[in-house]
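One chain, chain A, appears in both complexes that follow, with chain B as partner in the first and chain C in the second.
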Partner chain A sequence: MSTQTPTVHAVPQLDVHAIRQQFPILGEKVHDRPLVFLDSAASAQKPNAVIDCMANTMRHQYANIHRGLHWMSERTTEAYEGVRDLVADFLNAPSREEIVFTRNSTEAINLVAHSFGALLKPGQAVLISQMEHHANLVPWQMLRDWAGIDLRVAPITDDGDLDIEAYKALLADGKVALVAITHMSNVLGTITPAKQIADMAHAAGAQVLFDGSQSVVHHKTDVQALGADFYTFTGHKLYGPTGIGVLWGRRDLLEQMPPFLGGGDMISTVTFEHSTWANIPHKFEAGTPAIVETIGLGAAIEWVNKIGFDGIAAHEADLTTHALQRLATVPGLNIVGHPRVRGGVVSFTMADVHPHDIATLLDRNGIAIRAGHHCAEPLMRRLGLSATARASFGIYTQKEEIDVLADTLVRIRDFFV
Partner chain B sequence: MNTSTTERDALYDRLIVERARAPLYAGRFEEADARGDGRNPLCGDKTHLDIVLNGHHIQDIKHQTRGCAICTAAADLMAEHIRGGSVAQALELSGRFRAMLVEPPPSVVVDDQSASLGTLEVFAPLRSHKARIRCAELPWIALKEAFSHVDG
Partner chain C sequence: MEAPFVNPQEDTAAEAIEAIGDELDVFDDWMERYQYIIEMGRKLPPFPPEWCNDAHRVPGCQSQVWLEEKEADGRLYFAGLSDAAIVCGLVALLLRVYSGRTREEIQATDPGFLRDLGLVQALSTNRGNGVEAMARAIRTAAAVSA
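Coming up: the complex of A and B.
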């Protein structure tokens, strides 16, 4: 960690107290202690803006979309399709038609594995990294097994950065058709050098997909500036509801790709013999979608936009620096991963105390963290660990909560050693 | 932990902490009549059992456990309890141990069987920590596997 203080520009300070007032759940107690929620990387809590928007949709303005000729359906369709515009703007996508709604990031990646995968030929390869979540690993293994493609894995350094030289070497034979890499590791906190990854992939004739599940929450995302071809994220980590995720894909790629799921809404014409497909994005949205959740995601994006990513990124960087400093003072604690650029996710282990025991004892003190392999078993193996404890921070996290975490960890260690 | 915290942490009885830190039956036997493995894919914990049998009599047992305090202590206390008994007795104890973890406590009739669980009762508070019951069950699952290769 550098102790140098970066030049501070006029970044708007977050009023964390006022923000917390908007999250009713943060007033709850767990085991008679105030909830200290340090598990936002698994799923973030929801502000009133999202809760009220979803409840009001169901109370006052709800019907199925895209098919009704009545007032309620038309209004609901407008609200639903309005979120597509919001998401396009949120990602700086060139057009709204390139935004496909999915259930979550996992489904978005599966969609690409299935439909982009259908365009691949045996001998071509997909390249992932050692720090992928199972969501960005298992779909490619499945594709490998039915399409006869190769699956390559770019190593990481001991610090938890992508090994760029090894990555370059894996691209060298020109057989990689798609690079699929996380934009921010859910275990190590590593923010990957996306632009560099994309430029190198393109130079080798490959497309690139970024799993943005962790990163969209922490800073402004611009898929065009990154040079991405596909980008995925999920609503529930962005203070929105579960059940709604997003795939952004370049128009020409989405247009070439066959549909993922078949059913209503994704067709142009249907006879018993044959069907033709709707235009993008509807080609990829079969059946009645998660209407209320999509509208809720829109509320979350508007809420985040209003706070602004300058303030959010500065707040979370500040929290992360504080956490790394405080946790370093806990006897026997080892931070897992020291990437060059990182977000608000800190994994750690403690000598002589298993991560699950840490999590249970923290919970008894009202502190919620995650422990386990974080859906990244191969990464755990690479790190020589079976599990880690992980604290992750959000817009509502306070430095005092990190202090409570560090103090409680000291007591837990005393208890076990 | 301070006193108030200790009260809430009844889950971690001192015996669990001690056996996790310094298990008495940890290790391997080169020669064993039955071996069993337990693995929890959710957390990566694993335990291996080496059992020396004399007929249907458990002469000795060692475990090699890589897991949390509850899993390690459960393996160690299981070894302590079944050592010197018969395979049938061990399996019967396994059933009562499981019942203690998953069944609601008897409200009217206090059965005399629960008393005979002895030090294994330190795991009873897990009943209200469903996410951690598997930790204590893992060595017993390994035991079942080990005995599945032994003629009843």
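Coming up: the complex of A and C.
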């Protein structure tokens, strides 16, 4: 018998205090209380690195890109296109041309629904899951209605995991052309088994798109290791600005797909009769893009890279474990979803207290959470709920904030019983 | 007016707003203020469960609000309910102001008072709040000619 010494990886500890110093907004007071911001899954706060980068861009280095033959335009184009390299590296994409900038995840998914959807034939199907955000549901319903394809929905288990057997059965007839599924649920926190999902999809002849809006924030993403064909995310949840999102797609797929929007920047030649398209990615980037926001996204990615996903993932896992333990001690509180693998999102309900009331009363105590259907109405119906309260964590979240949340929830509960 | 429609306690909407302001001023703590608001919601006349349906639903984002109206003697009377306790209390405040008034008075009464009282933030922009939608529904009902 051989004895193996397990390799011990030192888990890097985040200096959360130092990180918080880089987020000016975290020093704000709300209703005279220190802000406890537990709504990063809706949109994350921005570090100075991003704020300063965007301000400096507008102060010192701004012009339209891809078209000016002057110094400012060239410098700005360089900064903008540099972000494409950063994003390719961030996702471990095989090449920078496969990175398409969009407004957000929603637009990235709509782009695929429109342009990949144009290649589909009636009788083919798109397969989503019960835990999709409306952003990864409504575009496929629209495609179904104009392309005459089928839309299939893979069920989840009561714990909030993808029902793998049912998923397999839905792929069995070989008609599914695309599986579009979340990599992490914004309601349940579920991290889906992406590699397994992709392998099963490919075995059935389908391509796979992952909605990475929630997941890219919490751990390292490698689209090649996952075996993805498309991957989307949104800048504002990744400590970057709003107005900038990303679609990564496999080169051969992007090349086959017709453009999404027409206009400037996406053409090769134009006559009154006919136009030819630019190469990827520009074919999909019509009009003046969100220049400053894209450059800001680059700053956010560099900032996150510097902290490193080992530390981020360990910190958030720690917070989530702590939150699940602390919330379990609140009388009448029910955690919604017990997935096998989860990220830093915890939904809950409380007996006799509506999520809306929870959020309103927490807000008066300076605590920001989200309450509602979280843009996932069909999931709510599946769970038999009309709304949940949701706390979500980021790089800057402290355990003490979760304690404040739990203690305040106990007080709120007393208030109603 | 018979239940569940709300009868006015004050002679005018303006007086109702003033009375509500005075009552809330008694508390110096927001949690107490909310407790009082929740209490007002609990005292609303019971809203018939069969009206808790889509036909009565005021489209709102975070909580469900149901509304019914009835006209008598040139006045509009309202009944309402929400599944969230604080929103239900805000509904009670709204009905105390608006129910049992003439169409003219309803239209002349700006729902901005909820914001002035610190009860609703950014009244006109927060589509998540059913109360804003409710205030709009009440004023729209008043604008429709009988």
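The rule is simple: the second predicted complex is superposed on the first by the 409 of 417 C-alpha atoms of A that agree within 3 Å, B and C clash if a C-alpha of one lies under 4 Å from a C-alpha of the other, contacts with A are read in each partner's own complex, and residues count from 1 in each chain.
Heads up, the rule we're going with is that contacts are C-beta pairs under 8 Å (C-beta built on N, C-alpha and C of every residue); 3 or more make two chains touch, one makes a residue touch a chain.
Quick caveat: nothing in here was measured; it's all calculated off a predicted structure.
Q: Quick one: chain B and chain C on chain A, clash or fit?
A: After superposition on chain A, chain B vs chain C: clash.
Q: In the superposed arrangement, which partner chain does A:31 touch: chain B (first), chain C (second), both, or neither?
A: In the superposition, A:31 contacts both chain B and chain C.
Q: Going by the touch definition up top, name the partner, chain B or chain C, that contacts more of chain A.
A: B
Q: Should A:387 be classified as contacting the first partner (chain B), the second (chain C), both, or neither?
A: both
Q: Is A:212 touching anything from chain B or chain C once the two structures are fitted on A? First, second, both or neither.
A: So A:212 meets neither chain B nor chain C here.
Q: For A:364, using the defined touch cut-off, is the partner it touches chain B, chain C, both, or neither? Pick first, second, both or neither.
A: both
Q: Considering only touches as defined above, state whether A:414 meets chain B (first), chain C (second), both or neither.
A: It touches chain B, and chain C stays clear.
Q: One more residue to check, A:377. First (chain B), second (chain C), both or neither?
A: first
Q: Mind working out whether A:356 is in touch with chain B, chain C, both or neither, as first, second, both or neither?
A: A:356: touches chain B and chain C.
Q: Do any residues of chain A touch both chain B and chain C, and if so, which are they?
A: In chain A, residues 31, 353-357, 360-361, 364, 371-373, 386-387, 411, 415-416 are touched by chain B and also by chain C.
Q: Touching residues of chain C toward chain A in the complex: what are they?
A: 30-31, 34-35, 38, 61-64, 83-87, 128
Q: Would you mind writing out the residues of chain A in touch with chain C in their complex?
A: Touch list, chain A to chain C: 31, 353-357, 359-361, 364, 371-373, 386-387, 411, 415-416.
Q: How about chain B: which of its residues touch chain A in the complex?
A: 1-2, 5, 8-9, 11-12, 17, 20-21, 42-45, 66-71, 129, 132, 135
Q: For a test of understanding, state which residues of chain A touch chain B in their complex under the given definition.
A: Per the stated touch rule, the residues are 31, 352-357, 360-361, 364-365, 371-373, 377, 380, 386-387, 411-412, 414-417.
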